[in-house]
Every structure is written in structure tokens, then in C-alpha cells.
């Protein structure tokens, strides 16, 4: 998964892009990069690691210019190494181009083969390099038309920010899988994955970029086009369930309130008697509050999250069982002992983490554990950017809920229904991609992932 | 403030000490150190920085031996530089000694002057070096008696772990200012500041070390002595209010439940009509849950805490107002807009942070803000280890509650009463130090802090 | 300038490439890189910095495979940043290609423009990316013919090592500007810039790659072709004068002996009475020994070179005059005081360094300084890879020898004659490029250097 | 071994100390440290590593004050870890004290035992901590007298620089084992191990500190005392043979000229017919020039020293025989082939390095190798600071010259005679310590080295 942020028309744009990336860190912890344009040349800094590790006062000061775009990445396609850090940039016959991309294309292999036949060479496995080649090969004299021509070849999911000298471009694929919003600060335009990054820099939320829309921003003017045939909207519902930050609005609506509604619906569908409701902190917090409010059962904090996790190298699995869970979450024994508790999880992927957490809770002397999951069982992989594991590793793809209940070790386990989930959403149920829950993919699937050719050591 | 952890009789003791320090990181983020004894020599690794930054697989593997003690530090006395990282160690006529200390002595200057007159030299400004000198100068042939003689000279607050070759020693001052508990894992004894570190390594909580008690642990045997005249107990009440982790028990009782009781008492003392109760996350969480349960007003999450704060070097104060608060906490506008909210804070020190938070909340369009603080006004500094600022910087020392209310910018502001606080405690009110709230210090005050002589760059 | 090294058919080829680069470090201190092929994929490690800083046991162990090529670089074209570190690699329609290049092309801009018109994009400003594009666009079904077709388009200087899966390729341009030799170790072939790198790994020198020759090495077999029209040979004479290591043979002959011959010739052309001959260490050592042997004047050491120079950040120019020279070279006062000395320099570029050295020597109380330079005055820049400054900064381009003598502050100054230099060479005088001494360039000159588009910070 | 440098009365003294240490790097590559006094407090920076790695602009700027002392160390006593980095500092009853020490005491264990009996504790195994304790325990009211009293207790070798607030002190033991000279720059006094560090900063050499002399420098005034009974002078002859830099004067005389005289004497004692004389660069350079001048045989360069050795981690001993030698020195084959050569070595310790070098030379096809060593056989360890190995590892202690000749693999091997060595010295033969050559130690030997108690990992 990735987060993207771009800004034009603001002195030292890179500093605000840095802050924007900081607030999008949850969308990709593997690498970070910023590229600016100072009126004459492209300046960049990228590296593996967190935003706070990648940038410092010195390199930020050097990223001069009033236009800049940035990217945080957790690799889904493309191996995880330094060549693949975005933004990607190159020069071609008509100038420079810089791209930051969130989402996964589904026809990359076809496009690369086609262009290699015409003599192109590829240095990375990134979708963004493919898009750059398409723009360079487009046949128009006009840069905007070249972008339209290039994007018309793409299939799959993309929310894009492009920069070419004095022009900033934002685009979302016609399905609208990934979010992208437009903000404004003192007359300068901003493009960002989520609104939480507008909040941090005191920018005003203007509107979302629409599915199939391209915006060209230049000299303080924004031009919007919708050059592609309309397609069924397929916003990623998992952005609401887990991925986005609860203090963001995405697709125009509040993540926290949507998530709380999922919890309320869960309480309606699967009530149970208990002494209190508790979340798995922090991802289950919002839905747990909703469950407690709907059910009237007290909200309680039963586990404490450690804020210093950082990069624990040690895995003393031989010494301490369930260590990875325990280093993050510690149960409060005096609260749990002898109690019947409802635990709200946002989702279950492999089931192993939930199992560890429950085992840890059991040691506190809890009497009954009723787990409630604020989304349906995940049964199919995502080809549009969410980093689920292979189908075989998705526990709900291979096992019944009853089996999972026993595996995790709870007294009862219930998942929210697909209809319940869709009814909790802030807009029409037909406008979401729910492929991970029901296998109904809104596009053709990719033939194969591009084979990766190299490895940095 | 500091956290300490020691273990004896366990293969690779240092690895468990590392985990223990990991869970005590909140007690001191400035430096970390572990010292082990491999049967022949003392091995150590210490540095400035977090536990996760200080230790790696290689240096942990080298810290061999079945006895080890560790320390995390946030400097209160002693400048903040690498010489002052604990544990402290030295050799003297009868062997090696290693010390990890939590708390502040009040007679260090007198003791150092006395020993310098006899020819001692001091390399650091740490209390632990002073204690080591006292032990080296003690007049008995027996090491245990030397420790008793040395500790009998100390005034002020100390929870100590000492190591000398095959002996591990734990001690608390007769007032019992700081916590220290005893744990056990597979027959090995553990000494730790808080029980959360026992939980992480699956160790069993045995009991607290008592005020004025010294325990000597050797070859699997524990010997307890109480050689000092009894003094009035003065457990630090601020450990319950703010400092300790909510999932710990300290002084034998649950921090979370005590903190929730503070919130309940606050609701009784200062009720107010509102749409919901929300905490300042995460330090206000426990008391906010208590306030909500007692008042019947819904608990809600109104601000989201960013988990990637790390070390943000940038301070774009000119660009973004209240940046330091906003990078940590972001209000959820759609929840707050037009609402009357009760905000629960654990404490107010200078008032500037609260003011920033309130200003940020106001921008969300909140209608009314009623702040409730789960402790009384802080009016006096702490000489026993809590790092409050000078008296002049304590806002409640210089201003009325009405003035503070206006400064912070809330519609109402109420602090918990001293009696209400003491009545919420899990044991007798006479057993606490409340000097920071009422200026009644249980010991003589230090003449002056030892002037620091050096600075590492 | 650059150094290149490649090996095929040897287990853990990368480790020997590492050693090869180590001994070629003098050819480029700015960045280093190694790429290996493990039978399935390309593995690489590259970074700014010295070879010893770039590689460690861990990354070398990961560079698996029996084929590897490496590169050290001091940028001449292409800005100095991490994107431009060689070897360069990309995939194209028929597979992977990896290139390490020494020398400068003179028609890069034309070639890039031509290919950008056909839709190519460029990510770097390196000649090696240009060559890769040419190979990808070549029209043959056979990889070897594609290389021949691509290289036939190049003008200027290139000694190249290419790797494509199981094939290693070596090539020198028809003028033969830069050296490239062939070695052999236990049946495995090696390509290297200089023979000193063969010595380090106990490899046998086989022969030099000839101007205009391409060698294809595969499965232990070497195939040689010379597909290009013959051109006048133009070996870089400055490799003998300064650039190559004195313990290397280049173009088949000993650098040290050639350099000593320059010194002997200098003694014949410009004798002078003096107490002793001394070199500027270490670059003047060989010629000074030759001068002393020819003249019969004693060889002496008058300055000591500091071996710990490393990366001195400090430039206390305000404190210590001529610091940069003095940190490297310190005169021995008791040797110099009151003496008439002949100082042998290998070359003078800007004259400022020589001036500093002389000023430092003067303080030792030396009586007379007679400077002898073992090459003619440098009056023209190099377009084939030597990093001379702009023409305006070449002191001999703008000033007479008399003027330079006064500027440097010596009692006499003499340069070796062009004929004397050519007569000291180990082979025919018509086979050298002497453009930097007489402005006679053996090729067309580049229109302009490719404008650089980006900058890493 | 160690190098020391101190300065008083000069703005930003630390920057000049940094340069001084830079030029003394050859005296200790393991750690470096500088301590300054800014008029109010002691400021320090120390770390393992080279001077260029330890210091940067930022930390040097922070080392404010007009008094500073520095130290580079290669451990001889005291384990090699960060606690033992000098300068050492502590406060005692009358103020601060900072010490930098070169040399080894022989009665440290006795002194430490004595003071531990009186209650002292020791944190390191360094002689400098012992000296500090002695000063703190001295019984006078006057700081200068305390220093005299403390130094009067020391036995063995010491050249010391002490700093206490506004006073700088220099001292040499009565035997005068190690060098220490006095310099002056713009009215500020300097103390330094060797004169090469005066040269670098353009300071004037004033004179050497004499054996048994103490100088106190304060407010621009220097006071000299010689409070100790006279002892036989025993200047370390190995400083001339190998240890000091050839561009330094030590004990008042030129190292290079002395070393060249050793080479001349060697030529007189052991002439041999040969085609040329060559040094092992660079340590044999001076003596080889002397041998060539005396014998009339041409001086030649037969091996080239690689200047980029840095920290080669790799030891591909299985791959490349004699790698450690070859990475440093490469023979020039075309010079050596078929020739009879005289090789001048400065000294032979274990013999293994010489053996490797000879083996490498043999591969060049050299006809005869006649090795001449510019000092006598080393048969006894040094207790005064030179880091020779155990007696058992000294090849000349266990084997005849004939045996060593065969071991190393040369056609002839001759060592300079003890008388020849002493006659080549610039002052009286009775004033040198020659214990390593004849076992005649000028002091009592230490009982045992202080057992080290701790290890940093």
C-alpha cells in the first residue's frame, strides 16, 4: 500500500509534503521519497525507512522549489529494494516527469512487453515506470493529451500524482479504487491520499478527486477533465474498515463514524451478554465504542498498547511465547479476572495474531471471551493494492467460522454480514469493491506479476 | 525518572533484562544500559537513546552470565550525557559493584563533600556513584553489612538494584517513595520497577519490596532485612496518577483501576451536562472511562493519536501553529462539530500543552469544552525523582483556576480535590507523598543540587 | 575517471571483483558498485563512498554467482549523485544487461535526442544508460550482433565491461584511449583496467584488449572480434604520467619504468646544480628516482606524506595557511635548511597546490628550489575521461612558464618537452593522444555536455 | 602507545588540539579524545576510532574554551574499550582534574591496592585514573605541590599533560622514556609528543621538556620545577627507529636524519653486492636512502604502497595467500625481475610479515634478496609503552639469525649491531633505554598487570 501527497504554488513546498507524508506514514512504512522542482531542475531525496528516518533538516532545506510530490510505500508489487522507492522520475523528449502512484495496475506485464518490443528498457518493476514510458511514447504534441492517452491504456487501480516542471497533475482510475482528495492552503493546491494530512498543515479540504477525473494544476489554476468512458465505481471498502486513519475523511466521509457504525451494526447482528466491551487497541477502538453504545454494555480498556515498539529485533520465541503480541499489548489482569468480555477486532486475516492475543488474555483469568469482527470473512486476495497474503493463507478461505472460533480459542466468534457492512457505509452499496469478501472482482485479473529481475543487497 | 530491572540465576539473564527495560521505557527515554556478570568479569553496554536503539543481537549475545541488571533513565539530577548513563560500576578493595538507582537523594552534596575531604574523586554527578563510594568506605568485613552501613547514610528517595559478582541486592528507602517489586521465573528471582515487565516475560509477581527493606539474593536464596528505623510511608501518588503504566500494579495495586477511580470521583465532584466524555489519549484514557461510567454520559473518541511520532526534528512553528500537539493528536471533526464535550486530562503542569490542544479542538467547531483534571493543582516541585519544572513554571503555583481556565480557553475547568484523590487510592491516605499538591515534604530538602562539572558533546 | 573489473566462471566472483576494485580505488573515489548474476537473477550493491566503505562481509556474501562486474567512479560527466553510480543495469526485450564504463563518449547528446524522439526515457545522465538503450534498440536477433551494432554508433572513449546473464563482454574503442587488460585465474577470465588488480588476486596477465576489439567470454571460451573500421591509435599518455598506479602495466608496459624514463629525460633536458633531488610524494617518486639516477645528484626525502588523511572536514584556513597541503605533506626542516634542492612534480594543473607546497618548503629555510615537471604544460581540457578543469583554470593555458615560475615561487621551473615525453614512452609516439598538451584532438568534440536534470540531496 | 597534545591561552584551543592529534595519529589509532575548559566547566568528546572519525565540525565547535588537551591511544595496559579512552577527568575536593598520559607505570597495582585500602574506588584500569587519585589524596593545600607529591609516587614511564581549570601542566618522568616538547603560537604555549604537530599548526618549537621536569603554565607564564632526585636518562631508542614520524624532531633531534644514519651504519657493517637498494615502504624509506648513499648502490622503488587500505574487513586467506601484505604493498615486476636487491627493513618483530613480503617479492622473479634491518634483534618486551608481543612471540628471542634468514626466505639477513645503533644516535649512548635489545631494564619491573574487571560490548 502507499500514500501520496503533492503540492504546487507554495514556497518550500517540500516541507509541507514532508508533513503530509508524516501523517500518511500508516499507508506505507517501508520507504519514503520527496521530489521537488526549483524552476530549473528536479531535486530528490528517497530512502528505505520511515519518513522521520529519511528526512532531516539538511535534506529538506535542499529540496527547494514551489512544487513537490512525495510518496510512502509498502511494497505490493515490485520487490522491496531501494531502486523501487517512489516517486519515480525520468526525462523524455519533451521534459521531465515525476510520478507517485497508489494502487496496482492489472495489465503491467502486457504493457511492458509491448514497449520492450519497441525498444524500451526497464530499470525497475514499478507501475510508475510503466506509466512514464507510456507518456513518453504518446503521440500528441500536448503534454496533457499525452497523459490522457497514457492513462487510457491503464487497467486496474491508480490514484496518481504527477509533476512535470510547473504542472501538477492528479488522477484517479475510472473505478475509483483508492482515495485522493484536493486541498487548499493560502491559495496553493494540494493533492493527498487522506484528509488527515490536510489537518496537520491547517489546509482546507476542497473536495475529492472523482473516479475517472484528471486535474491539471498550473499557475494557481485548476483544470478538470473526465476523458474516459464511465465505469462502475468500486471504492475500496477496506479503506474504511482498516486501512485509513480514523481521523481522516475518505471518499468524502468520516472513517471514524463509519467504523463506529460497523460496530453498532455488529451489536445489532450479534448481541451477547457480557460484563464489558473492549477493543483490540487501537485498530478496534472505533468499532468497540460503537458496539458499546448500541448494546448498552460498558466500554472498558482491557489491554494496554505499548508505544515504544519501534524495531524490536529480538524474537525470543523460545523464551517467551506470543512475544510479538505481548510486546505490543498487555492485558490488565485486575480488570479481566473472572469477567465475561466482548472483544472487537477490525478484521481477521491469517488468524494467528488473534490466536496469540486470546491466549494472552486467557492467562489473565478472563471467564468468557466473545469475539466480534467488524467486517465479513476475508476469502480472496486483493489485486488493487491491499497487501493480503496468498489465498491459501487467508484463514476464512479454508475454514468455517466454527473452526476459526476453536483455532483462536474464544467462546463465541461472529463476523459482520456483508449486507450489514454495506448498510453501515456512508454511501451507496453498489459503489464499493468487496472482492476480498465475495471474490467479485470489478476488473480483469492480471496474467501474472512481472517477474522481478534484480535484488539489492 | 528511571526504570530498573535485575535478574539472577537465569541463563542469558541480559536478554530478559532487555525485555524488562523494554516494558519500562516510559520511565526514561534518554539512555539505557545493561551490565551482566559472567562468573569472571563484568560486561556492559550502555548508550544514549531508547532501549531498541541501544541494544542489538550482537551486543546482547555478548552480555553473558546468569546475573544482570539494567536501567533506563530520564535525567533529573546529573546532566544528560553519556558519562551519567546507568548502571554505574566500579571496583573497590573487596570486589566489583554495580548499581541501578531510581529516585533522588537529598543529601548528595553533603556526602560528596565529606568523602572528597577524605580523598575521594568523583567522575559523575550521579547518586549511584555516591552510593558506591559509601559502600567502598564502609568499615565492615562483610559486604552485606557494608551495604546496610552505606544505605543508612542516605536521605531521600531510592529504589535500588545492586549487583556484586554472585549477589543481587534490592532496596527501597524507609519512606518507600518509588516502587520496586519482586518476581520469579522458573526459580530465578527478578527485581523490577513495575509489574508490566514481569508480564512481558511471563514471570510471576511475588510481592513488593517493602519500604526500608533490603533483600539479598544469592544461589537461589532470598534473605530479607529491615535494618533502618521506621519512617512514615510516603509512596509517590503521582506514580498512580500519571507515571506508571496502566497495565502495571505498583505498591501492590492496579494503576488502571486506581486511575479509573480518580475519574469516577471527578465525575462525582464536578458533574456537567455534555454530549460525550472524551480523553486526551492515551494518558487520560483510564480516568475518562471512569468519568463516563460514573456520569452515564457516553464515552467517545474525539482525537486520534499518531503512532509514528518518533523523533520529528522539524518545528515548522512559523508554518503550522500548535504543530507539536497536532503531530501527536488530531481531532475528528465530524465527531466534534457542534458538540458539548467533557475532556479528561490526567494533570496540568505548565498549561501550555493543554492550551494548544484546546485551540486545535476549537477549530473543529466544538460547541463547549469542559475540562476535568484527574488530580489537584500541582503547586510544588518534586525532590524525589519526578521531573517537574521549577516552581515558577508550574501554572497552578502562580495562578487561580479561573485564570488557568481562561488561559487554556475552556468553558469550565475543574481539578479533583486532594481528599477526593486520596479517597480514590487503594490504600491508606496517610501513606502517600502529596508534596507536589500541598508542599508538605516528608524529608528535609537538599541544600543545593550538586553543580555539574562536565558536558559531553 | 573510472576503474572497471569483471570476472566470469569463478565461484563467488563478487569477492574477487571486490578485491579488484580495491586495487583500482585510485581511479575513482566517489562511488563503487558490484553487480553479480547468480544464474537466475541480477544482484547488486552500489553506494557513494570508497570500496572499503561500500562493501562489507554481509553484502559481499549476498552477491552470489560466478559472474560479476564492478566499477569505481569519479564523475566526469553526469552529476555526482547516487543515481549515477555504476554498473548500470536494465532489462529489455531479450533479457538483462549490465554495463561498467570507463571513458567519455563525445556524441551522447545526439544519441539521446535520437532515441528520445523514438520514445525512450532516460533516468540518468550516464553514457552507460545510453549504451544500454542502443543495445535494446539494435535490430538483430543475436545479442552479440546487437552489441556490435550499438557500439558502432559510439564516438569518443570507452573501455567497457558488459554482462548479460552467462556472457561477459569486454570492449575498447577503436582509438584505444583507455586501458583494459585480460587476465586469468584458475581457468576463469578477468577483465580489468590495470594489471595491479591482477597482482592482488594472484591472477595471470594474459594480454591487453586491443583498440577496436570486442571479446565475448562464455562457458570458459573467449571469442574475439574486431568489427569496426581501423582508426589511429590514441592511447591516453596521461595514464602513464599520472593516472595509473606505478606498479601496473598498462597498454602492455610498466608505468613505473616509463615514469622513471620521464624523469631521466627531464634530467637530460633540464640539468641544474643542486644538493639533492626530492619528489613530491608519492606521485613524483618514480620520476624523481629517474632524475637522480640520470643526473647523479643524490636522491633524498624532503617531505613526509601523512597516511591518515581520511576525510578531514575541517578547513581552518583562517587559522592555518596552506592547511590542505600541510595536512598531507610535512617538510623535514633539518634536511632542507640551507640546501639547494630539485623538486620533481608529475604535472601542474592549476598551479595553486604547487604554490602552497613551495611556500611550505620555503619556511624550512631551503636555499634554492628548482622545480622540474615530468610532462609538458597542460593547455587543453580532456574530452575522453580525465577530469581536468575548464580551459580557463589550466594555468599553462593562460600564462608563460616564466609567469608560472614566479607564481609558484621557485628559483627555476622547467617542463619536459613534448618530444622528450614521447621519446620516453615504451612504444611509438604516433599511438598516443596528447591533446591536453597540444590541443590536437583525435575525434570530433562533443556539441555540449548533456544537461543534467536532477540532483540528489 | 599514545600521543598527547595540550594548549592554553588560545581561543578555540580545541580546534588546534584536533589538528595536533591529527598529526599524532600514528601514535595510537584506537581511540581519540579532547577535553576543553570554557572558564566554567569541563567539556569533552571521546570515542573509539580515528581522530577524523571521532571529531566533526559540530562537536569541535562545542569544545569551547582557551585551554584544551587531547589524546590518541593504542592500548597497552587497560583493555581496549570505551571507558578507557583518555583524557581522564574527575572532580575532587579542590576542583577538576584532566589527564592525558603517554607511557606505562610499573607500580600501578601497588598504588591501586594502597588506595583501595583507604576507600578509593576505581572505574577503569588506566594509569591516568591512578594518578588522579594520588593527586586527590595528596596532603598539601597547594595544587602544584599536590601534583609534585603525586608524581613522586610514580615509577615507570610517563609523559603527562594535566589540566585543571586555568592551569596546564606538563611532566616527564625522571628517566625521560617518552618524548614531550614545548611549542608556542602567538604567545600561547603548547605541549606535544612530537614536533610534527607543531609544524602542522605553524607553531614554533621552543624546547623539549626535560626528564624529571614539571612545567606549570598559567596566564601566559611558564614555571619550571625539577623536584625529583636525578635518575639515569633512558630515552626510548625505538622512538627513533620506528615509532615517531620521520618529519618530527624528538628528544631535540631529527628522526629522519637519525634513521638515515642507521641506514648508513648498516651499509658500513653489512655491505653486499646488488643491483639496487629498496625500502619496505614507508617505514624503511629513511634507512634505505641512507644505505644507498653510503654504499653507492642505486636507490630504487621496488614495491608500491596502496594508500586506500582503510579498514579492509575481508580476509580471503583461503583465496589469496599473503593477502594482508599484498593489499598494502605490490611489487613492481618489471623492476625486480632477474635482479639482486638489498631490502631495508626498520625492524623485525614476529617475522611473519617479513616472510610474507619476501614470498610476494619472490614471485616477481627477483634473483637475490639481501635483507638489512636497521636495528638489532628484539629479544625482550617493553614495559614502558611500546606494544611488543609476549617474549615468546619475539622471533629473535627464540631463534638464531641464521634460522630467521631461512624462515623469512632471504639470501642473506643482517641486523645492525647494538653499538652501531647507539653510535648512529644524535646524543650520548648512555642516555637510551635499549631494554628491548639487551634486556637491561632501567627500572624495577611491574609485579603483574592490573587485572581488568570489565568489558564493553
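Order of writing sets the chain letters: A, B, C and D. Residues in each chain are counted from 1.
Quick note on the criterion: a residue touches a chain if its C-beta (ideal position, glycine included) is under 8 Å from a C-beta of that chain, and two chains touch if they have at least 3 such contacts.
The structure displayed is predicted, hence computed values, not measured ones.
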Touching both chain A and chain B (chains): none
Each chain counted as touching chain A and chain C at once: none
Rounded Å distance between chain B and chain D, as computed from the means of their C-alpha atoms: 49
Whole-Å separation of chain centres (CA-atom averages), chain B against chain C: 61
Geometric centre distance via CA averages, chain D-chain C, whole Å: 37
Residues of chain B touching at least two other chains: none
Chains touching one another, given as label pairs in label order: A-B, A-C, B-D, C-D
Touch list for chain D against partner chain B, complex: 41-45, 58-59, 62-63, 89-93, 96-97, 113, 115-123, 132-133, 136-137, 452-457
Chain A - residues contacting chain B, complex: 15-16, 18-19, 22-23, 25-26, 29, 50-53, 56-57, 60, 196, 199-202, 245-247, 249, 254, 256-257, 282, 285-286, 289, 292-293, 298-301, 303-314, 316, 319-321, 326-327, 330-335
